[in-house]
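Alright, structures below, take your time with them.
Here come two complexes built around chain A, the first alongside chain B, the second alongside chain C.
On to the complex of A and B.
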């Protein structure tokens, strides 16, 4: 007590003032909040009451259908309760949704691939790890994923038809993201280049690809590409799809990176040239570190788009997570369960994309904080 | 600056008694103009080589398959059915060119309706999200976040599954006896233009003349759109009173097992529009919300301090400023809507991709020509949309002092 009093004397402040004062909970404050945020005007009150009525009507029914009356355990269709969700097939095929038809003895490879891929996020999250290491990790990641999931080198080869479910979605999303980044940087630099032929070629490529739907290119890759290859040569469908995803999403990333390059003050580039650095040195050491750091939030939004776009490969007959879930509900035993499949797919995509988006928003706030 | 730098380097090396040829090559290769030209020539050569290689392969493959290149196939009989077409298309007699036209009209119709709907829904969601009402804003937040984060293909398949659950024609949902919703689609009253060509031309000429008149009159008051609309309505009412009605509506009527008269929009068309426009509206509402929030708070406070009502401050001060930053990202959302028409092939709605890039390609085997036509068509549609939005953007720019 004496000690505290002496500190108070020195600083001239009461010691508790540093901690945030907890405002006591009171009924009147709650009433004021409700009045202000729910019943401010008469129109507000009507809207609030209508919404509460709607939620009271729908929520209990929905929750009952989804959880309380739903069937979670059982073995066949007969166990399903009528008039409620039936989660039996989801539980039964869970392994299939995650691993697809991947050989069971090799599933540790999928698990380690997930671990390696997801480790990229805490790596980007950390501020202490040097940027060099992060770039190296992003460059090595596709190679490691390819070795683990597709095989080669010391691992046993896995055929494309054995890739499916979440494994395939993950594989396509991460590899396309990592490999389209260098392509997009080159495209962005090409579009900004002083050399006219290079600039026209890159601008033309970007504008043409941007104005045509991805699905057109996917169809082209599956139907038309064969025509341009020497007879006897055929490319695996997985390569073709990856190729399309990489070269289409690179265009959108190139536009993001171009914006970020333009935002780098021109004086910095001129200063770098004045110091005797050439074009590549200026780009690599002065422009790109800043431009890439500032475009990370937009690139994450782009990654979410790419991740959602991987569902389109279903049209070509590759069973990624949406195709795998749909396939089980086309099974004769579970035919007629319309809602369960879409609910699971949307829940999966919502959780995945929403959390990545929150992460992107966090990075954006951090960048803003360090700027000012 | 770089050229000078490299020249001085070259000069230094000459003082070191280098070989003359080496000096020449050194200064030659380090000359900026020479190097730039060389790089571009190499780049150009690589691209030309790649294209030639692919073209030669394609030529060989097509010869082996017994195909001849060219656009003659456009005038051959198509022979496949298009489930829904706004222009007259008969699978027995129509050509591939007609199929392309049908796909093009389908794409444009889809894009126009979906873009309008996207704008309306996005505005509603943004207004809800910005509302003072806690509950309303959170409901909008949940809707937007759910719709944004789920792939569009899932949305399309969900809405398509819902459309399969629509009642049969006999039990159709009845909206005041003028439109019906059933598993055949949405039947709406058809609109007919009741004038012949000559009368229409006179009507149009009169309208244009009046437009010029109005433009002069309202240049001081500035409410041009409202004036033109009012004038059009007055003109139409006058013409209807003096001659026959300008337009007439015919409501759909249940005859036997189907609706006669009126227009019927098939379920896949409606569901595709709903799926695509809700998905893009969720993205659009974030754009609108962000732009409105980016306008400094002081603007609203200043307006309120002057005693202006909040909704007028919103319409006259905040929105005109926010429109700057809304229009460019909205343009790319609209272009995405246009491109999403191609996803109709999943549910059986045929746009250019479904007709020219799908069925025609499979039937004729003229892959390159079909893909080129599809790309050019999308390119033109995109350019038109971008031009319209660009014009709109220019009109909305704040006039500089």
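On to the complex of A and C.
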């Protein structure tokens, strides 16, 4: 056992930059690996060969359609080569996909918003950032995004119809994630409350919301809500959509957090109580920090789901990135290009969600290593 | 209640569902006394000591700690908990806080003390339990004995009038027991009122003023150690002592 490993054994503490011992590459090792993993039994061999055959059949065709015979440059429909993908509209509309109809002179605001949002990664990546900072960031981020993207205070107001594309997806996803977190913590605590009424209310809310498809609530937000409001009063569709996303996704988070709270040992709460600490302070300083830390991987999975669900706001006429891409392909000029739109949308969501998932997996490994 | 009595139990009963966990317990503890509670496993020792700071609620009778009688009043209970410090079998340190933060927790969040002042008090106590050089470590990086010493320091930060110990050495490897007992000894010498559930009969012989022997939820015998170890009043206590001293 080397020195580092023995320290780790003694202290139970990870050594962060653990160097992985590099295994020298050699041809015979590769052959052994192939034999062991791909052709171990005759059934393995059959499956391996069948899959290779399938790949050989499909991959060249796909690559050809996507890249080799595809059209990348040109100006209009006539330039598109038949029988292969045509990426001209994607290049033409890229700005629109990212910024939507956001006024061009104000686009720096969108860029700043992306920068502020992406700051989350280094913040959560680094090891021991004080908890206060993370909490503050999560609470301030929605406000900053709102000011930058929607306006108010010192920024010029942007009308809701000018929000679209990636900007809107990002806006909805992040704000809903950040604001549903506090709601979900309250729901999780409420569901375990000693007060029966509160407990029943929270349980009922959680059970009802999670048994109904989100899209139903979005429909309700667009049509049913109007029935209850006095005539003439209407709420900005952006508020309605955010409201639904926040209060629906909070339910799933509440269940994640409830599980994590229950996993905090009872002795922790008793130790805090025994010093004269009350319920709320015990929750805030002892239980929640441990519970939230342990639920980060599950919350990230939840975020991926929420991020994809933002595409549903299309039914309320909001053109987030998927709506924006679809719209250009429905444009008369590009009519007849069916596959390109969905492929671009898939690629975008895959890149975004896969990165977030990898990040979640990294955090999970880190939490496992720091478990005492 | 005499001026000297800091803990008083009067006909205390407790049930877990149908199970009668504490039966008619009477006990008075004077300021500065060290009481050792012993008895077979499941006899209700933990239940009794946890009722004293209301981690468990008793069903009948009165428990009075430092002139406050336990009731449903949350403020009273929090006051009682500030008068008592508790040390648990499994330490129950907060794993997400450093040793120092564990020890300033109560000062800062219960008493609202400023950080610098809290750190000073915590450091003094960490030095007293001889662990001052580890203040920036996390509990998971310490041995069991070290963790238990931190837990004692953490309880002491609130300057309690009474210390409650629930088998503080039972989860420790044998070589670490003495370092924890040493601290308990010095606390006892300094005149701290202590109620200890423990099977460390050496500690009991030397430092206990009285020994409380429990069985099946009842207090069977309360005697000074000279009497308890030489000629216990009941056959059960004798059997128990034979078993435990045989080890």
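We take it that the second predicted complex is superposed on the first by the 340 of 372 C-alpha atoms of A that agree within 3 Å, B and C clash if a C-alpha of one lies under 4 Å from a C-alpha of the other, contacts with A are read in each partner's own complex, and residues count from 1 in each chain.
In this section, a contact is a pair of C-beta atoms (placed from the backbone, for glycine too) under 8 Å apart; a residue touches a chain by one contact, two chains touch by 3 or more.
Just so it is clear, the model here is predicted, and its values are computed rather than measured.
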item	value
Chain B versus chain C as contact partner of A:26, first or second or both or neither	neither
Which of chain B and chain C A:357 touches, first, second, both or neither	first
Which of chain B and chain C A:52 touches, first, second, both or neither	first
Chain B versus chain C as contact partner of A:208, first or second or both or neither	first
Partner chain in contact with A:286 - chain B first, chain C second, else both or neither	second
Residue contacts on chain A - larger count, chain B or chain C	B
First, second, both or neither for A:268, with chain B first and chain C second	second
Chain B and chain C contact sites that coincide on chain A, given as residue numbers	273-274, 276, 278
List of chain C residues in touch with chain A within their complex	53, 55, 74, 78-79, 81-82, 84-86, 88, 90, 92-96, 105-106, 109-110, 138-141, 151, 154-155, 158
Complex contact set, residues of chain A against chain C	11-13, 265, 267-268, 270-278, 281, 285-286, 289-290, 293, 372
Interfacial residue positions of chain A with respect to chain B in the complex	36-38, 40, 44, 47-48, 51-52, 194-198, 201, 208, 210-213, 215-216, 219-220, 223-224, 226-231, 273-274, 276, 278, 304, 308-309, 311-312, 314-315, 322, 326, 338-339, 342, 345-346, 349-350, 352-354, 357
In the complex, chain B residues that touch chain A	1-2, 5, 36, 39-40, 43-44, 47, 54, 57-58, 60-62, 64, 132-136, 139, 145-146, 148-154, 157-158, 161, 164-165, 335, 339-343, 345-346, 353, 357-358, 361-362, 367-368, 371, 374-375, 378-379, 382-383
